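Before I ask anything, here is the structure I am working with.
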Amino acid sequence: MINDKNSQKIVDHIHNFARKHSLWVLAYGTGCGAIEIPPTMTSRYDAERLGVRGAATPRQADLLLITGYLTTKTLKRVIRVYEQMQDPKYVIGFGSCTINGGMYYDSYNTINALDRYLPVDVYINGCMPRPEAVIAGFTKLQELITAGKADGAAKYKEKLEWYRKNQKNVIPNWTMPEYNW
Amino acid sequence: MSFFDLKGTLSPFSALKQFGRKPHTIQYPKEDKEAADRYRGFHYNEMEDCIGCGNCSTICQNAAIDMVKVEGQEASKGDSGLRPRVDNGRCCWCGLCVDVCPTGSLSLTKDYLYVSDDADSFLFTPGLDNPGGKDNVSFFSTKESSLNDFARIPMPELEGKERIKSFAEVVLGYNEAEARAEASRCISCGLCSEVCPEHMHIPEYINAIAGGNDQDALRIIYDNNPLPEMCGKVCTRRCEDVCAIQTRGEAIAIRWLKRYATETADNAELIREIVNPEIKEANGYKVGIVGAGPSGLTAAYYLALRGFDVSIYESNKQAGGMTMYGIPKYRFPEDSLQKQIDYITSIGVKIHFNTSVGKDISFEEVYKQNDAVFMGVGFLKPWTLGIEGEELKGSEQAVTFLHAANSGLQVDVGDKVAVIGGGNVAIDAARVSARMNAEVTILYRRRVEDMPADWEEIEGAEDEGINIVPQAIPIKFHSDETGRIKSVEYLKAKMVPDEGGGRPKPVPIEGSNTIVEVTAVLGAIGQQGDYSFLKGEFEEKIKTERGRFVVNEFQQTSDPKVFAGGDAVNRTADAISAIADGYRAVKGIEEMLMKKA
Amino acid sequence: MKENKVKLAKYLKEHFPAIIEKDYNYNRIDFSINRELVPSVLRLLKEESGYIHLSHISCVDWLEEEEFELVFIIWSPVDKIKILIHTRIDRNNPVMDNIDKIWRQANTYEREIKEMYGIEFTGLEAADEFLLEDWNGMPPMRRDFDTAAYASNKYYNRPGREDAMDVREEIARHSGEEIPDFAKKYSR
Amino acid sequence: MREKATTLYIGPQHPGITGNMMIRLKVEGDTIVKAITEVGYLHRSFEKLAERRNWLQAFTLMCRFCVPEPDPVEETYSRAVELLEGRSVPDRAKFLRVLVLELARISSQLLWYGGQGASLGLYTIGQWSVGDRNYILDLFEELTGARVYHMYIWPGGVRRDMPEGFEKRVLKTMDYLEGRLDEYEALMFDNAIFKKRTQGIAIIDKEKAIEWGVVGPPLRGCGIKSDIRIDDPYEVYEHLDFEIPVYEGGDIWARALVRRDEIRQSIRIVRQVIKEMPGGSYYNKVPNPQKWTIQKGDAYARTEAVRGEIGFYVVSDGSNHPRRAHMRGAAYVHGITLLEDILKGANVADVSSIMNSLGTCPPEIER
Amino acid sequence: MESLLYSILGVLVSLILAFTVGMTYMGLSRKITARIQNRIGPPFYQNFIDAMKLYSKSTGIHHGVMHHLGPAFIMVTSVMSLMIIPILNDSAFFTNMNFHGDLIFLLYIMTFGPLGMALGAGQTGNPNSAIGVTRGLSQMVGFEIPWVMAIIALMIRYDTSSIVDIMNIQADAGRWIMFSSPFTFIAALLAMLGMFRYSPFDIVGAPTELASGPMSENGGKYLFTMMSSSSIFAFAKLTLYVNLFMGGADNLLVLIIKTFALYMVPLLYGTVSPRYRTEQAVRYFWGWPSFFGLLAILYAVFF
């Protein structure tokens, strides 16, 4: 039987293997942390070794990097972009700003805690995280995928209403469709 | 452009030769490149060195550092018991916290790696969460790079030779710029105010001075100290011992700053105008105070502010107690004291001078006339040396000597004086003698660094040409044919470490007898209380223990109506403790009387 | 440089008697003038004196004085002097003349100042929104806009830090010190 | 035949955009008829935040103004504060500052190599130059303790002295880089296709450059010799021997050549600085930061950053906070109005290339 | 009947072969590029993992029927091309379904894919896709000219429109057409640069210009389909070139060596070149490659 539990497990295993070794990162530099992405992706650190490569559009990407602070203006676009990505999708939050506001905790234009608005799978410590830390973030995500714990996207679907409420709270003029997979 | 750009087509292919080159990729996580020696990674806090001043928390522009209670770190003198905790969801690793850490306990390490799926796991207590960080410290604070100013603004003073010519005040005081600069060194932690017996609001008034608000500073000071000018000049300033800056540098000159603040008002009216105290309506209670020393004056002032009817009984003709009669005038001029006493009397405190309780008026009378009594009687009776020849002419007690000198009486000590002892009284006596053109020698049992006197006083004495002979134990005074003292014989001592862990003990070396020629000897090895005025039932009622009154936290003696303070109560025996006693007694008296009502 | 500055000040004084100068001992000279004359001063300096580079336009909110101060910083590559032209405008009715006809780049500065301070530039042609999106509060760079309060109201701060203590208060509590209210503003 | 104009959004999520901003293009075929920039995606309001911080706390904010090259911003802020307060800086600090600034210039130019290459589809150059940039960042890490946000140049001097043997490592890196630069040039500047893609594209003529207030390499690419390091010298630049590369043409190619030559000049400066580095103190200590007040007044400092002029207008009201710390970003002017103007009539394919050559940097536009 | 069975089986086997080899080539190309770029690069099997992952992704995008059919069109094109192209010389198994005139059919079918793509991408409504498709078609118009010229020259010269015939002619002569008709080869080779869409001809999906052009709206399984079809197509094209100009291959090993060597040409040129603009690319193809194509035809006609 193809659909029984054990074979599903094997299929999942294979899928997870493929997913973790092929993380396509959406090319969206949302904040300062983006400056360490080029070094990570280029010759000195070469994240492509781990199967991490850039993807030009959200449709093709698996991984959204929130590289630091998000202004409300960007948040609106990020939500849109995130929803356009195809399952399974992951989010990595870079540095202090995504965790608790970082140095912009008192700015009127930046959000403080990213996980109120998007499900975050991995946080990387640093301001900004250096390439080693970024790669460590990728490997941590890979571990989570293997363990089947990188389920941010599922959580997002499940708690969509809660996320929407928070999102609408900080984005004054909500002109987006209610959901755009 | 040429018809066909051959070079432009072929030259780029030179890039292909890179194929043969070894890639320079760092194969993290397979191989790791260590962070630089100065890398700013996670914090590390040396828990034992940290004093919990919270300066890191103040400088942090991200509000990332919280001061929290940490297990195993208890508050103690000079340590708030709190330790920094960093929110790595805020931190930007600028390292300012390291650069402002006065102790240098906080540093950054080479570690920087932390990834987690839990956003709440980024709170981090340096030192506790990374005990191994010590070996990894990379960005640390040195005295050179630190943002703290470790050097005190030097206090202008009279030259050593100049000052022994008269009793003019030695310390000249900061000018405005110096005071601002000195006050600006303060990091406002408040560790000082904890050890201050009176818990003065030190960071607040220093901040006020730094900001140029001298009058506010004075107002803050008068909140719980009615004799700030005295404290500003002669306080033993234990606050400076725990100053956060003092851990690696020179403490903030808290005393001199207080002195500066008090100089904003040069007469009692001005003080009153600046402080503008709120005086409560008379509540009908009467309080009698024995002794117009610091504790008595303090109690009187705050009681008067609270609407009590206060009378002080003072045996001398001037108020101030030991600060008047014990402290030489070059340290604490009389008009400074007078100004403060004028201010205290201006708000309604009555002082009965030349009224010695026990002689001119009996204690019982005082006790009956008032609803409460406060005793700030001090230690007047000096300890004697108990060696041969002490009764000789020319052998005197330093306290007596100082009393006489401060009362303006002529005292003849001749031209060679030996002072025995190492406390402030000894130094005072020595320096007063020096001003009487005597050649002074101080004999002290232990080493110079063991002397209980302030180091500034010792230095001052040395500047004035006073010879300090440490490790000298007098054994005999020799007399000349007129019965006057001629010389002091002493034994040299060696320091033997104490097995119980206490400070080393001086042990005389047999046969090391040395004789020093003198015209007078001043003994200054301490004083004790004289409670002969307590007669009859009071002798029983008011308990003493080891020469001191037994009091509770409100300075209440075993007779609920009687309170006591000052040297006769506390062991530290300094002005500020006396003031603290007085202040506490005010609360006690108020509590007792108002509650009863 | 000194004589250049003197010459310049004299030249401007001739044309604009109301101008107030302030000299610095390096290559900077300041002029203050009322706002109506600013465009003519700038035009004169650009076209006649060679101050062709507009380096900066800044705005300072003097809340206590109920005024905005606008500062135009211009530079001459020949004289190598920077001139700061200050002008004060009423904070309650902030209107300024548009100078983007003199320097095209001024357009960007004016757009930002308009958005951040709410200063109206007469005749400025640009989209309303510049940096902010759907902002409907007070212009945020004004001194009376409290960004910390706004942020803490609007954005979520991660819990878990409530056990933080103030060192000063903790010490005072510990030792029984009572800090009077009037002194508290001097605590850190 | 006139096609109907379609609207094309470049950004904010787009691989070709330099940073996080958006350009709305009206396109007919491959030709742009109208371009509207939209910024604000990175607006953190540093200047508002700086007003809440004290003078030294604000300094940690400053390097975040411009992500690709934080050091000139730190330098400008520090110098503005020093001018305001009248604080002097020790000579050694000045040399160290120039060292950091020039290393930052090299590192930023290397990043530009990558950006300009990638915008035209030449990814190899980016892999090389951005990879080699790490060697400069390693030097920074050693000197300042961080790779990108150094927070090294602060009011009164610099934060730490050079570590031991640092000079040697700098020179070694410079030698290595110089060798690599030849390889970059063979790949990029000799390349016929690169020439085809850049020559005659996005021309700014001299008059326009002045009228629009163009600064930095774009200005020098129009044949105007203008560099604040020479015109309004700061730190020790007037004592150093270097040239200002100037090229005629005003197109992407000329700007690229200016940048290419600037790296070599920066290497030259770094070598001189290392050679002539004086001894002594590196820091004229500021007072206790909590209580450091600066007298009333204002100051304006300018710095030649990689993309042009950075200015800092700092106002003090006598307190321990800046009343106003207003930055003029290098790309502030040509990143918006000029870009909109240049894009008119350009090919869609060149948008990214033009942005890279102008050095558009949204974080410093929006701050 | 048996031969048909063989052919069908052969097609299936060669499909798997083409997929595997094509994917491996692309993986290797990433590795080789990486080495030129001073880095290590992904493992050579990275593309298989990528394909697997893309296949495992969900697809929730609906832009209409044509959007779904676009990738299918390309797949069909690739498979059909592969079916026609013989893999090995004189092999009953690997000759596939060639027939007389297959060269002309190939010319037609090879343009079919991009057209299908165009239809699919057009329906997504994404302007990037639309512009990308326009560019792709323009570019195709560019490289088709030298390519068709080269094929015509071949057909005139050898008087056949069958690939197998051409392979046999080379085998008989013992000389590759590459050497006997160099102009034809050069024209075809230069056209091939365009076909492979490596730099400087990666105009269609230029990331920094158009995100990823026609693929902008395609993720997951669509992208998987495109990826596998393009690797099959790449292998088919390479085999075709080997067959036409390099004497075909007697066994698989020779085939792989020859195709890989040929594959290096666009790949290495790509790593060191920036991208042309569309009109520059078209002008390029209409320049030297077409000139050589014309030369080849003239040569074939007159000699």
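Per-chain numbering from 1; labels A, B, C, D and E assigned in written order.
One rule holds in what follows: a contact is a pair of C-beta atoms (placed from the backbone, for glycine too) under 8 Å apart; a residue touches a chain by one contact, two chains touch by 3 or more.
These numbers come from a predicted model, not from an experiment.
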(request) Would you mind naming the chains that touch chain B and likewise touch chain E? (result) A, D
(request) Give me the fewest steps it takes to get from chain A to chain B if each step has to go to a chain it touches. (result) 1
(request) Identify the chain pair with more contacting C-beta pairs: A-C or A-E. (result) A-E
(message) Measuring between Cα centroids, what's the chain most distant from chain D?
(response) B
(message) Of all the chains shown, whose C-alpha centre falls nearest the centre of every protein C-alpha atom combined?
(response) D
(request) Compare the CA centroid of chain C with every other chain's and tell me the farthest one. (result) E
(request) List the centre-to-centre spacing of chain A and chain D in whole Å, with centres computed as mean CA coordinates. (result) 29
(request) Please compute the C-alpha centroid of chain B, do the same for chain C, then give the distance between them in whole Å. (result) 47
(request) Could you tell me the distance, in whole angstrom, between the mean C-alpha positions of chain C and chain E? (result) 62
(request) Calculate how many whole Å lie between the centre of chain C and the centre of chain D, each centre taken as the average of the chain's C-alpha atoms. (result) 24
(message) Using the touch definition from the top, which residues of chain A touch two or more other chains?
(response) 27, 42-46, 49, 54, 56-58, 73, 99-101, 103, 105-110, 113, 127, 130
(request) Give the residues of chain C that touch two or more other chains, as numbers and ranges in rising order. (result) 132-133, 140, 145, 147-148, 158, 188
(request) Please list all residues of chain D that touch 2 or more other chains. (result) 14-15, 40, 43, 45, 48-49, 52, 60-61, 124, 127-128, 131, 149, 187, 191, 193, 196, 290
(message) Taking the top-of-page definition of touch, could you list the pairs of chains it picks out?
(response) A-B, A-C, A-D, A-E, B-C, B-D, B-E, C-D, D-E
(message) Under the definition above, what is the set of chain A residues touching chain D in their complex?
(response) 26-32, 34-36, 38-39, 42-45, 54, 56-58, 69, 71, 73-74, 77, 81, 103-104, 106-110, 127-128, 130
(request) Flag every residue of chain B that touches chain E in the complex, lowest number first. (result) 4, 12-13, 15-16, 18-19, 21, 23-25, 27
(message) Going by the contact rule set out above, which residues of chain C touch chain A in the complex?
(response) 132-136, 140, 145, 147-148, 150-152, 154-158
(message) Considering only the defined contacts, which chain D positions touch chain C in the complex?
(response) 36, 39-40, 43, 45, 47-49, 51-52, 83, 210-213, 226, 231-232, 290, 298, 300, 302, 309, 311, 313, 315, 323-324, 326, 328, 332-334, 336-338, 366
(message) List the residues on chain A that touch chain C in their complex, please.
(response) 72-73, 76, 99-101, 105-113, 116, 166, 169-173
